[in-house]
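Pasting the structures in now, so scroll down.
Same chain, two partners: chain A is paired with chain B first, then with chain C.
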Partner chain A sequence: MTTEGQAPDPEKEKRKIKSVKKMKEIMTNYYIEAKSAEQTGKKVAWITSGGPVEPLIVMDIIPVYPENHGAMIGASKMGVDLCEKSEQMGYSRDLCSYARSDIACAPVNGGPIGGLPRPDMLVCCNNICGTVLKWYEVQARYFNVPLFILDTPFCHTEFSDEARKYVRKQVDEYIEFLEMVCGKKCDFDRMAEVGKLSVRGQRLWQEVLDTAAHKPAPMSAFDAFFHLALIVTLRGTQTVIDYYTGLLEEMRERITSGISAVPDEKYRLLWDNLPVWYKTKWLSEKFAAHDACLVADTYTSAWCGSLKYIDENDFLGTMAEGYSRIYLNIGVDEMAETVIEMVDKYDADGVVMHSNRSCKPYSLGQYDIQRIVQEKREIPTLMIEADMVDERSFSESQIETRIDAFMEVLKAR
Partner chain B sequence: MNNLALFHRIAKNPDEYGRELKKSGRKIVGYFCSYTPEEIILAAGAVPFRIFGKGDVSLADAHLQAYSCSLIRGALEDALSGGLDFLDGAVFPHTCDSIQRLSDIWRINANTGFHIDVVLPVKLDTKSSKEYMADVIKKFIRDIEKSLGIEISADDLRASAGKYNQIRAYLKKIYEIRSKNPAVIRSSDVHAIIKASMFMDRDLLLKELASFTEDLQIEGEKMKQGGKRVVLAGGVCNLPDIYTLIEDSGGAVVWDDFCTGSRYIEGEIDLSADILESTAGRYSERIVCPAKHSGLFPRGEHLVKIAKENNAKGVIFLFLKFCDPHSFDYPYMKEMLDKEGIPSMLFEVEDQLPSEGQFKTRCEAFLEMI
Partner chain C sequence: MVTLGIDVGSITAKAALVKDGKLLSTAVIVTGYNSKNAGEAVFEKILSEAGVNRAEIKGIVATGYGRNSVSFAGKSITEITCHAAGAHFLNPAVRSVIDIGGQDSKAIVMDEAGKVKDFAMNDKCAAGTGRFLEVMARALEVDINDFGSMSLKADNPAKISSLCTVFAESEVISLIAKGEKRKNIIAGIHESIGSRVAAMAGRLGLTSPVMMTGGVAKNIGVVKALEGKTGKSIEVSDMAQLTGAIGAALIAMTL
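Take a look at the complex of A and B:
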């Protein structure tokens, strides 16, 4: 953005990702469609970010993501106000700030888009946390709509045969649940098609992220935080394929023309945990000022990390495993291995970890991951204490000092 | 009642008791949370030993953030500092996000013998989740057989389940006697009994409980009633002082909804049915903890029910700070109590009372009001 009267800085303009405009259009249209569902007679399902959206697409149900909503609330800096509201409702300040701000939004249609469209059903998959279970129970009581829980047993060291059988059975129950709520049968041919589109979308997203392995990286994790929205919300549609095809092309062009995310990329860093939504710009500029680019992150890659378990020709049969073995539903040691693989793949010089008060499954265990990465790759790591939405848990001066000190260590190497 | 001194001694210093047991040649298996199917550990010939941890955390700080609850931090501290070196193994049932991650961190860092994750279903109210529960219990049996190098027969499991039925029946009896006349037994004594029952050699426990309950019934008839009747609700309540403070403030604890209380002792296992299925059934059907799902209202309904049944004048919620599942349920449960005209108060605790004065003042004010 430029201040009035000043000509745009051509250097900055060059670095802007052109696809952003298209993405904003898609997301605006998506929210308009969702918000006008009552008029069009379409059903709306609220679903967790790690939940299987594909059957909803098949059934023509509009998926809506309270977590995406939480991110928007954070990015528009409306988090503190809504979190405080939820505390007045009796929710502890120590609870997840996505949940708190969304719960506070519902009765008043608050937040940046005037609240989410009323759900006809809730679909909760606990592969990301136990918090979503409690959050969706709260909303199921509030909206008095049916709740489906897809229970994906945690994979500490294995995905057991018992768990496989249980989750596979629930996939059938999920379809039956949707058929009951919609009063129509599931079209399994279409399911197969949507499954293929989902896999293609995930592969394309991985390819987009992979472009950052190039030195210098054409995009940063901060860009990925933004472009992520589509693979989360519209996975299984052609829209995702078209958009990421265009984005991938743009990234390749940037590589060819030597356009990098950070002007003089000297240090390549990996980000762990959710973004600090209200401080992405500040953090991005802070690291860029040190010629450091956050080239990859464990968060946005979580939406394509379990592709290896999914057979695109048997999506329904294999998605149970795919959804159960995502990044947050595995043991700390396996997470550390994933981080190390990413360090190698993107040739990272260091790791920045966001210890996120809101997210225990993501944050507890980070100290061990930090130690394992340091031992196995001998690279510096930085731990930032913050929260993804609740700005009250962000101490700018303290974090700035820590980033500066961390960058000094990197530069001295 | 000499056994009361024994219960208190064990509850106060469980690790010391664990070491004594170990010296006598017993296998000891540590476990977390009341969702551990203890019957199987006992059927394997080992002593189930619940892990509560201790205060003064220092070593665990290198592994767990300050926004973790005192239960998991204290437990890890106990393990890392060698306090639990008598354990042959540790069992982690799947409950909340914190215990889930603690299991990983424990497996990587602690030295407490074998490590078994019992990845229970989170929803309990569907047919497939009940089948999965039974599958998980079978898997747990295989895992513990392998770890201890033994075999568990259906008869072993039936005998163990029978003992647990008796233990739970005695504990429930003590609860009922207290509810009838809270002056009969101090709540800090009841707490010590429940807590000790989670460490003790279960045969010795049964013997002690039998004689204790008998004595209690005889003595009970001599004493007078007193205090305002309250029900406590929350997760783990591991602070004996809390009970004393409530009683000193003029309250009488008549029932609770704690996993170190009624949630532990409810739920009988049907010994005449297939023992595996009925053991699994107990864990699907017992009073639900907020980390599990069994419909949208059962916890609130249950709390209202026990408050009414026990003629309570109020409810005191005691939560461990940073316990997400309980904090999420609090607003709706409070609302259900409000609708019934049952006053309540909430107090968050860590491994120690932040300030005894503060709790006592609030408690006195609450008890005066009700």
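Take a look at the complex of A and C:
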């Protein structure tokens, strides 16, 4: 019951995205299904965020994402506790905080959902980083389950024929691995179908993100960070398509009725790198107070960025390239090009880069990208040093000064 | 028209009064535990010293880490913008500022009007800041005000390789244990600050003339080390520590 004094602010209520409720339901049901897999006899595979999930869907295996779990740990501010636990176990503080918190979670069933369901197998694709190899080896030993590693060569400037054959061959091996673990054959007609659903889901996600090109933007990157969970976890299912169809409709309605993410949007910014999960609200309010909206980001668009390489009518044949040429597995020049394309597409006035202590492949080229963007588009860029999950690497007053100073520069232009 | 700038830093609080574009008076106190009280105290101090009445002041801008706790200020502006404005006032030719304060260090590049074009700040670590020097002064049992002159007498600056304040302190302690001369250790500390800040400034690309502002600019050893590492000559005003407060008072004029 709301008393008069506590009545919700109608202005704020108007700006709330209604689909959020549905999304929470889907994610809750997904985790309930995954956590009751032992009772229902379904198999569970832990998989990296950039890994090819479609064959798992085909084989009726429930995919579970330690990285999505890591984001949840960060958002619920349980990161420091778990990171410290892993450090007690002997892991270095310089390791990725997703890896540290996941490794610490397993033996104690910690974290916001009491730990992830026990895996029957692990699937690790190194297109996002090298840490996942050791992280998944650690977990494979701990749970004593088979591990499949899909090795995607780094695409410095191109994707060679040799690389294509090499990854394509591993896709076959991946399917054989799943057939062996599940004790059943893969249905390739179903594979073609799931591939189509995956491509449709990615296209819809891109369309949702594209609505922010409208001025003012109906959604911000902070909204995208939240709605991203589905394209990561349930790619290749009808659920994703239904949900994003609804979300896209809502965004279009917001545009029609003039509802924007930030009440008085004057400055449009692009975000680079993973979110600072435990500070998304603070950051979102901080920028909004300066009438700035983070209209797009390189992170959430990574789950539809390599669509151009995938043929929906030959998913199995083209996924090797699609999964190899994602944002984190390409050279800095191409990354900078992607950032510039996004600056143009969303008409960004500046770029905010999160130098993420955890994510080395994401943060390594940032100074170069910053320089290239400044040279080619002459817009200011801001570097924030933090960590996606480990709050010990965040200094609020220093970051506040940087954001305020950056906004003063933007406003004075 | 009289305006006031208040710069509440992590170690000292500064105030500057500007009248019709001319500097009228300045004041400095130690910030201490309560930054809110420090803002008020430095305000009282400058009023009584300058013999100015509160009612005469037409605008107040607060800056520095405690800027948001200065309740009597009309607006708060970051020290980046204020140092640029203050440096431009002290010498309109200046195009870059290196500001080393108590808690952080910054490199700022400005245009001919003193407007910030770009800036870089140190990361979360306190190495290369005034606080770092204070920690070292304690370990060496030397008055921090003597650091500059002592380091100039060094015959063989010690090597301090760690970038972390805590580790650097333990390096200094082992140097002391080895019997290294104080002047050489201090020179080594200045060299390490110089390297760190020069790397940050180099990323930004300094344009001459360069001015150093902030309390640490009073330390000639750090200035010399920075000149060596950046390969640029660096000017320091007598008002270095007050640059932010002066800039804030000037900005208050335009509001």
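The criterion applied here is as follows: the second predicted complex is superposed on the first by the 408 of 413 C-alpha atoms of A that agree within 3 Å, B and C clash if a C-alpha of one lies under 4 Å from a C-alpha of the other, contacts with A are read in each partner's own complex, and residues count from 1 in each chain.
Here is the rule we use: a contact is a pair of C-beta atoms (placed from the backbone, for glycine too) under 8 Å apart; a residue touches a chain by one contact, two chains touch by 3 or more.
Remember, predicted model here, so these are calculated numbers, not experimental data.
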- Classify the contacts of A:Q398 with the two partner chains as first (chain B alone), second (chain C alone), both, or neither. second
- Message: For A:S76 in the superposed arrangement: first (chain B), second (chain C), both or neither?
- Response: neither
- Message: For A:S36, using the defined touch cut-off, is the partner it touches chain B, chain C, both, or neither? Pick first, second, both or neither.
- Response: neither
- Message: With both complexes superposed on chain A, which partner does A:Y367 reach: first (chain B), second (chain C), both or neither?
- Response: both
- Task: Would you sort A:E408 into first (chain B), second (chain C), both or neither based on which partner it touches?
- Result: second
- Specify the partner with more touching residues on chain A, choosing between chain B and chain C. B
- Message: By the touch definition above, which chain A residues appear in both interfaces, chain B in one complex and chain C in the other?
- Response: 355, 367, 385
- Message: Going by the contact rule set out above, which residues of chain C touch chain A in the complex?
- Response: 65, 77-81, 103-104, 115-121, 123-124, 203
- Message: Touching residues of chain B toward chain A in the complex: what are they?
- Response: 62-65, 67-68, 94, 96-98, 100-105, 107-109, 117, 119, 121-123, 126, 128-129, 131-132, 135-136, 138-139, 290-291, 293, 296-297, 319, 321-322, 324-325, 327-332, 334, 348
- Note on the structure: Per the touch rule above, chain A residues touching chain C in the complex are 355, 367, 374, 380, 383, 385, 393-395, 397-398, 401-402, 404-405, 408-409, 412
- Item | Partner chain B, residues of chain A touching it in the complex | 89-92, 94-96, 99, 126, 129-131, 133-135, 137-138, 140-141, 147, 149, 151, 153-154, 156-157, 160, 162-163, 165-166, 169-170, 173, 331-333, 355, 357, 360-361, 363-368, 385
